[in-house]
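Quick one: the structure is below, questions incoming.
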Amino acid sequence: MNTLGRLFSVSILGESHGHAVGIVIDGCPSGVSIAAEDFTEDIERRKPGAKGTTPRKEDDLPEIISGVFNDKTTGSPITILFRNNNTRSTDYEKQRAVPRPGHADFVASKKFGGYEDYRGGGHFSGRLTVALVAAGVVAKKVLHKKKRDLKIQADILEIGGESDLEKGLQKAIDEKDTIGGIVECKVSGLPIGLGEPFFDSAESLLSHAVFSIPAVRGIEFGTGFLAAKMFGSKHNDAIENMEGKTTTNHSGGIIGGITNGNELICPQSFLLLN
Amino acid sequence: MNTLGRLFSVSILGESHGHAVGIVIDGCPSGVSIAAEDFTEDIERRKPGAKGTTPRKEDDLPEIISGVFNDKTTGSPITILFRNNNTRSTDYEKQRAVPRPGHADFVASKKFGGYEDYRGGGHFSGRLTVALVAAGVVAKKVLHKKKRDLKIQADILEIGGESDLEKGLQKAIDEKDTIGGIVECKVSGLPIGLGEPFFDSAESLLSHAVFSIPAVRGIEFGTGFLAAKMFGSKHNDAIENMEGKTTTNHSGGIIGGITNGNELICPQSFLLLN
Amino acid sequence: MNTLGRLFSVSILGESHGHAVGIVIDGCPSGVSIAAEDFTEDIERRKPGAKGTTPRKEDDLPEIISGVFNDKTTGSPITILFRNNNTRSTDYEKQRAVPRPGHADFVASKKFGGYEDYRGGGHFSGRLTVALVAAGVVAKKVLHKKKRDLKIQADILEIGGESDLEKGLQKAIDEKDTIGGIVECKVSGLPIGLGEPFFDSAESLLSHAVFSIPAVRGIEFGTGFLAAKMFGSKHNDAIENMEGKTTTNHSGGIIGGITNGNELICPQSFLLLN
Amino acid sequence: MNTLGRLFSVSILGESHGHAVGIVIDGCPSGVSIAAEDFTEDIERRKPGAKGTTPRKEDDLPEIISGVFNDKTTGSPITILFRNNNTRSTDYEKQRAVPRPGHADFVASKKFGGYEDYRGGGHFSGRLTVALVAAGVVAKKVLHKKKRDLKIQADILEIGGESDLEKGLQKAIDEKDTIGGIVECKVSGLPIGLGEPFFDSAESLLSHAVFSIPAVRGIEFGTGFLAAKMFGSKHNDAIENMEGKTTTNHSGGIIGGITNGNELICPQSFLLLN
């Protein structure tokens, strides 16, 4: 299904070249301040049109359809749409005949019997990530209202194997190609105890969400794949005091599927589509 | 929650040193042959006591409590228990005072207010993976009955950085330590079209399940973290014919969150606890 | 949550006097014909403005935002909005001060801390049932495509205690009051075997859905409350042949929580709000 | 599925004449006192063998398999089994040939292809309600620990149309028949605000649960079916003060799908099987 989350639940909808893409958020507490301009900063960060990105330009103005009244959330479902204005639907019959490698064109056609909206990837398009960004903005506002002093950060560690990001990007531009990279997500200020043993481990829930982002190819926590070469005695983070303070953080903030109060560290590899 | 899956749903239960560990499977079709001896082979593979593993020995005989009648599934929930016979509950008060690094002792105590069954990791124990194995045995029988000709395989690629596995294992034995490694899971024979765009992408669902296994630190699909260094044009698997046949399989059998008929390739790093 | 259903899942959204009300349908198969005019007939049936109903008039034109391409469902989420054009937001401050009896004004204010959209009942408004009607239209189209030859029918049995419905309605008009009644829902053509033992019994699932309609006060299946006065031997429907044919249908088409191939009979009492 | 509830989730399992019936409870907070003897009182109330009930006798001793340590819940899943000791499996081949009217024998056979455990109703048996009782005992203990001063009560209002219950019961005994009746469930002390608008209305959630009990044929809230004969002005409960106090309670404690602080009143009709 196109829904994620049990208490704060998000449902994604829309197609790249249809009327709109959007998100419905259920379970958001009432009384959270939400205005259209609150989305601007994060939406700008993902916006196509910057150096090395797709030239498609959209205004990406959030249209808040429901769940907000007098600029506060009401407790009922929040619906946010982003209209698709800049859609050029030409040449798509050609695309049908020759499905693009690395894209969902072929599998979508098989899965949906040829009824899928094939224009620009349709429901599979990276265009829908604008709706994920909107959901993230609301989520951060909820955390802020709850006085959770979290610091959530995502940094590109390398592009095309280069830690000098300009250089990596230029490689792709020179080759008129797309390119891969590694993003590292860090969260500090998490309480001890999030996650459940086994099926709702913190790693399970986070990886489930992260792999819904098109282009992600791998995820690890803490030392991740490096742990494969380590002895347990070297990897284990010694607990120093009753608050669980550790000197090292090889586990990346999650032990036994549960957050341990350390910084959550979660690198992800990605490959942009061309 | 301790439940995974929407149609074939598994719920895990039990503690390392309590009465039993087990699994409840809901949604299994009726008429699938299940007998206690069907579990033997896979249970033997995970059994402690082999070279380099924990010395704890359990008979690990599945006790089928419900859902099976005349050696066939009935369509109602299947409950399988494994009694804990070989439990030595001594010395656990000491463990409470000094939570083991790399284990869930500390976070469990914080999360459950000190009421957790702390003996041997309790509900967090690797002992519970015997229940996962049992669920896997039933799942494979369902696929077999449905005439899905799947080949599911999991191989250890390296241990402690050594592709010579004996050598890697010996390093750990010599050091009286635990050690990490990489397991690669491969599935061939999957139909085209499994997975949903976005939140139930095949990668999302698989990583959710895999990270419920204690010790897993990272997961990737296809080229995974190597994709971070690649150009899109090199990574994309060219589609050769109308059946979606590709020469390369960099994507590891999943495109746009949907299986494409290629072999699913999914390496996972792990670190065993000591 | 505002979502119902596991395979064909509907999420309701919107407020009476906000921008729109609507529904998101996830899990609808691809290739089902859907056009705006398909909704007209059923929407007309619930439309306010008819004799004895609220004078509010809305065009109630469905705006299909996503999930439909070339008049066929694509397999991705279907979003249908109904804009609120005819909203008069005046006098609502007065309503806040004096919550209307028989309405959700008071409980909504307590539940959502005063942040609820209180205009005309907001998210609690009967206005949202237009979205339920739209979901029903899509559901019927899915059944039709699957060649399920179902006959689904809902009849008003009595209004204000009168089986002469004109008479009952006139009583309410004369009194300038609202009034109760009984609707009987019947479905013929159901296959044997729908529903699950215990928590997803057919009665459980149907009553869950029916009580989401504001105004419903009671539901029964088959003889329902009359069964309270019956002997088992008189109530039990004798099975005549191997196809499960019965002469009587006291159970209303459901035995042990499972449909038995007889006509489903499900009377519901309701009371309209004033 | 055989699971109910999102935060406090119960999964039912077992068959009448198999090894055991039982319940798995997930989401129960840690630190709740649970001992085998806590179940005695409520289990005695449902026990067969009393006047006018089935002569089958079971010890009905709860076997707590997991989730309880030192007589307190641990926060991990609680598994409670009731062994079936008093099972006579004879004569069941005859039953297969002639499915009992009013029982699930026929539909179970159709639904599960003849693989169902047909002995004594199998998974459909009223025997499984002992597991529901056990879940109720744990739920009441959670409420008690949370200092919810709830009074939960279920009374038989009439049997076989007689409010003199002895008389109604005697009618059934004289006829060697089973008989119907009405149970009224009342809960006082509920907070204002439980339930969600639309699909998770308090009525939806309660009726979903209640109809999982075999034998229930109808449910109503407050005035229920009587509301069908009432004017809205007579039915609406006037709100007297800012705490939502009302003089009448026609709505039975639920307005707009949300509890309003009044006593919850929920009559249910039932018919016992013979």
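Letters are used for the chains, namely A, B, C and D, taken in the order the chains are written, and counting of residues starts over at 1 for each.
As a convention for this text, a contact is a pair of C-beta atoms (placed from the backbone, for glycine too) under 8 Å apart; a residue touches a chain by one contact, two chains touch by 3 or more.
Predicted, not measured: the structure shown is a model, and the values here were computed from it.
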Chain connectivity with chain B absent, coordinates unchanged: one piece
Most widely separated chain from chain D, with each centre as the mean of CA atoms: A
Mean-CA-position distance for chain D and chain C (Å): 25
Chain A and chain C, separation of their C-alpha mean positions in angstrom: 36
Between chain A and chain D, centroid-to-centroid distance (C-alpha), Å: 43
Chain D residues counted as touching two or more neighbouring chains: 1-3, 12, 76, 111, 123, 197
Chain A residues within the chain B interface of the complex: 1-4, 10, 12, 99, 101-104, 106-108, 110-111, 121, 123-124, 128, 158, 160-161, 172, 175, 177-182, 192-193, 196-201, 203-205, 207-209, 211-212, 214, 216-233, 235-239, 244, 246, 251, 255-260, 269-274
Residues of chain A defined as touching chain C within the complex: 1-3, 9, 11-15, 18-22, 24, 26-27, 30-31, 64-67, 69, 72-77, 79, 81, 111-113, 115-117, 122-123
List of chain B residues in touch with chain C within their complex: 6, 76, 197
